[in-house]
């Protein structure tokens, strides 16, 4: 695994583009980002019209023609387009600034004639990426503005609009907003599953010993899970807000579905917390295991070295070349030396035995 | 203990079946699960009728005939049956989706004419298993849908219905719902007792030293206790909700019993927390013990090696074979060498003594 | 200290007797427990009557004759007696079940004509023991049911009733209940003091080095303090409840005393928390100390070994017995060897010095 | 630093004198404490009268004569005096008991005609000491009862009363109570500053390596900061209570000053928390540093020993005295042995190099 | 990095100047601080007047002439000037004392005719510095008093006032206060970015091993982040207070902007928490890595030493110079010794292999 590549998002989740002290509501384009792609789906019980909009002017007027109009903008590379969009739909400058600084915490802001929701979707290819998705929910339109990363978690919703004359086609903009939020949240499940698989692998690795690489992987996994948690956590407040709200924006029935969605958020949050804690547990477990193995190595070394070092000294003693060493000339000198060594070795072994060094 | 076998439930407590972006209320069967078994017990003060239902159609009508009817469905292997059951009892699609995704957090949802409760029972054979049990509590029926694992914690309740013309036979569906929830919660106690036994064993093992296996067992035990906690914890909210509720579903008298049940949940939660913390304590204790033993081994090694390595060097010095080594030819060369060694050894011992290395 | 003997209470604080799924309110006797001893003290401003009751029948009638009647039952060995007591005083079955499962969390339950309070007293002889004490507070009686451990913390209260015609004799059952609860709580202070002494000893031991035993003692002490905390903590809610309650059970004046008692609970809780944290601190301190000493031993060993191992090698080299080793025959071979050794040793020492190994 | 001397206060912050089960309101003298010294300052806009009172009788009457009377009692050595004082000022027995058990948590109790405040001042000479100060605030008097430690933090207040005809002389008893509480709280700042200095020193020590003493000092400092925190923390509730209170005891204007005082308490609490956490950080930092140095020593030892042990073995091999060792008689035996050694040493060095042991 | 230089602010964030027991509202000058510089900007939709005020007298009168007047005071070196300013604008003495003790926690105090706000700006040159900025917001003036560090985060606001006839020129004093607070908060972003860069560097360093310096840097970084958190955290309460306040000081519209500012505070707080936690993670990761490397070194040493020490002993044995050692004279003595060595070495290697020492 290329660990370095995956880190930036973990260390630096949120970076701001507008300079400090700038006038509030300043909209600055992201130069390296793709130019915005605008795609409109207008539908009702009777039919669906889908088109790629060349320009954003006239979009607001369009929303009058169908029961529900969904305008999806992909990419923040052109400040003028976003600004124009703001004028079209009369969006608040502060909301626009948030859209262009795609590192907001998910939140809900109620404006007079629309609700502004910031959500954050995740994807995990080579490394974990999060994408800010801004939703403006009006009377009969939903405007979504994505950062413009390739891929999108809304395709199943598009399919449901196109194919079936089901609940979504008979419901209003509030249900569409729910369906989009639900798609964003549901997309956390497969990502979480992949982290679960990695954890399983790591657990298995560590159970059979683990190596230096395992430690780095635990560290990496925890960082990613922290990033995931930071991305998900504020959605809890968002949905609590949406469910609580007594205003006209969400119908009673849709609110029931939103509560279900909140349940999913809680479940994901719990699982992330569990995985995160499990990473710490694995690290601690590995640390104790390492201590255990070091202790074992240390004991082996100590027993062997403590046993043989004195014996070798005795051997070295009688290996000295002094001319006048009476023991060397004794007939029983050699057996005596062996006896000395045996008795030293025996007493050391007995001492180790009594201290319990051979037990575990 | 086969640790690997026990892990999946610990790492991956909740996995979702419905794909992301699917329409809410989608009911997907679990292919590897057994087909649903439907068992009906209808009773009142006057008698008990018990039967295995071949089909779910007509079940709702059946509930009109007795004071209380308990329909128990075991197994989620056939989506059609569950769907049909939903139609029979007019259950909300979102509730049905929750039933089929058997990894919900325990919760209560109040619908117009029934209460939907998700609980989670535990069993510990070779490894810890949790099973989702969904309860629908209506005016005069209780519908329980289990995941279909072999075994069931409801047998004592069945016995009480069958044998005695006691409180349960004279009470309504709300008391039956309480009795079933109580049976689910009470079943945590023997599981907890077994973990208590394991902790006792581990504690004993570690007090007499412990080995590498002990560390893995602490890790495993903690994971299991985490899983147990995740399973139990949300019941607290469930019972708080049930006790609080002023509506018609639970009578004043039954609510008193539910409060008792909530007490048990709190007691179990406290014990789990205690066991969990005790595992961490054991791990930390073991870590300090290991450090202590490593330190002891290190000190033994250091004393012996530091003592003999210089002595051996002196012996090696006079073991060299140079022709011109005047000391070798001195009459008192050998005693001199011994004296040098004794003085080196003595000063090292004194130094160690002064540094307190022989004390603890 | 016999650590094993002290552990069961620490690991397994609460164990339940009634089987899972049993009908609520089931009263099961504790076979190994002593049979209940019933002792009645009836008093008022005018006098005190004290007797050992042979049977519980007629006790409720007795309470009509004096201003205050205190019935104290010691031991849970006979379910019939407790059941009869329940009938006499019309106690709720759930309360009786709690009495017989002496591992309840302390709590208050308000029934129509009596208040049910569960408290937990502690004693520390050879090991920490906790005893459940159930109090039923009626209009003019207090019924206390103890688990039946030898000893009792109520003797000072009995003395105050017998000897002085003071506040307690002029007050009602509510003041007696307060006096008994106060005696239970005050009994925590001497136990806490003994743990304080042990902590002082441990602290002293560790300051002068500590041994393997110290670690086990810290572990044991923490476990005991955890058990103590679990015993005490819920009393806080109990007294909060009693102080808050606006009903008729406790008079305004008595509630002032209860608030004082709550202050003591808070003070004890704070001290337990402090001791508990201090144990962790001692353990962490010991761990760092061990690391420090290991590091020191390691450095000593490394310096000596690194210094002499190369020197010994040189000595070994010229101790080889090859016939053709020109150096051995040189006149200055021996001084040369010594010079080589000195230069090796000197450079190593200089290297160590520069790396700061001799500093601390 | 004499660590042992400083510990008692840290381990044992609160010890109770009244025995368990004693009647509430029992006042027990502290035999080792100095006898109470009573000092009265009566003042108003017009003048100040200051005297040492020989007896406490008639003090209450005295409070009628001046605008404000401050009675300060120093020392708890005579229960009779405190009891008499209680009668004079009609203080509640429970309050008196609290005064005589000088280990109360700081708190506020509102009685009918006076407010009872327990505060805790700190001083740091050789070791940290805390002193309980009880304040009874009446309509036109303040009664302060100190434990009787030498020194007092009220001198600046006395000076302000004596010297200037400023705010304090024109204000009532409530402002005096504020001034005294403010003096108690302000006295935490210099103590905190000294701990800040010690932390700076420790930080410096550890940056340049640290020794075994440093670890003990961190441990000691943390204990002291814990004690300081336990002393300060409850004042937050005290001031919250005083600021909140709508009754007549504190005027609107004084409450503004009390809020300022609460700000100081928060600031001190934050700093203590920060210092406390910094101690833990230092300890953890030291632990990692120790691990780092042990690792370095270990690597040095391993490289040297692993390199020379095999070489020494080869030298030892050819140092054996067998008569029939052909190599010894070869002309190129010696160079061959050297070549073997060089090749062993070279490959080991290469292996170490490849494993990155020489890098850092 | 010069670590020592950066520490003081981390250890000692808040130090008080006024002595304990001083009369509240005492204003003490900071002798080492620069004398106050007063700069006035008065503006409205029609124009901007900017001047350096020589004296503070008459400033209050000046505020009547323009729509909004902003008086900025830089430096606390002259108590008289601050005192005079207080008289001019009728500021509360306690507020003035807070201004002169520039280590207040950020807070809001509402006085009758002005709002007193304490904020804290940060800058990171060679080390992290925080500066207290006091804001008095009146009906048509804002008075800011800075500690007087060189540099200032208000320049962008000055530019916006001077250059554009935009929102700020058409708004009241409340909007100016918002703009200044926003500038203070926005200034945390670049500081945070630099810490993010340092963390990235550290992460990279540790991934490739790390050295003793890395540990010190993590420690330093964490201290700085703690200081940053202590500086920022209370702003959350400040903005919550300002947003909540229903009074006349902030208009509905400005409150919308303040909510946006609160969002930024939350985002910064979250990022600081994340960085702080990441530091701990890095430290723990490094600790496990060190343990891993020590374990590896230990195993290498143990294998080599355990293998060769017994062999060397055998060699030493036959290197003894006893005259009567029969083995030395055997023809096959040498091969026998070699065989003994080979079998010892072989069995040890097999033992190591079976214990899994060569695996990871």
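The first chain written gets the first letter, and so on, giving A, B, C, D and E; residue counts start at 1 in each chain.
Simple rule for what comes next: a residue touches a chain if its C-beta (ideal position, glycine included) is under 8 Å from a C-beta of that chain, and two chains touch if they have at least 3 such contacts.
Worth saying up front: this structure is predicted, and the values here are computed from it rather than measured.
Shared contact partners of chain C and chain D: not a single chain qualifies. Chains that count as touching both chain B and chain C, per the definition above, do not exist in this structure. When the CA atoms of chain A are superposed on chain C, the rotation angle comes to 145 degrees (nearest 5). Centre-to-centre, using mean CA coordinates, chain A is 25 Å away from chain E. Measuring from the averaged C-alpha position of chain B to that of chain E gives a distance of 41 Å.
Residue positions of chain E touching 2 or more other chains, listed in rising order: 287, 291, 293-294, 298, 301, 305, 309, 312, 316, 319-321, 325.
Starting at chain B and proceeding toward chain C, the closed ring of contacting chains reads B, C, D, E, A. Interface of chain D with chain C (complex): residues 3-4, 7-8, 10-16, 19-24, 94, 97, 103-105, 107, 209-212, 215-216, 219, 222-223, 226, 230, 283, 286-287, 290-291, 293-294, 297-298, 300-301, 304-305, 308-309, 311-312, 315-316, 318-321, 325, 327-334, 337.
Against chain B, in their complex, chain A makes its touches with residues 153-157, 160, 166-168, 182-183, 186-187, 189-190, 193, 196, 199-200, 203-204, 207, 256-257, 260, 263, 266-267, 270-271, 274-275, 277-278, 281, 284-285, 287-289, 291-296, 298-299, 301-302, 305-306, 309-310, 312-313, 316-317, 319-325, 356-357, 359-360.
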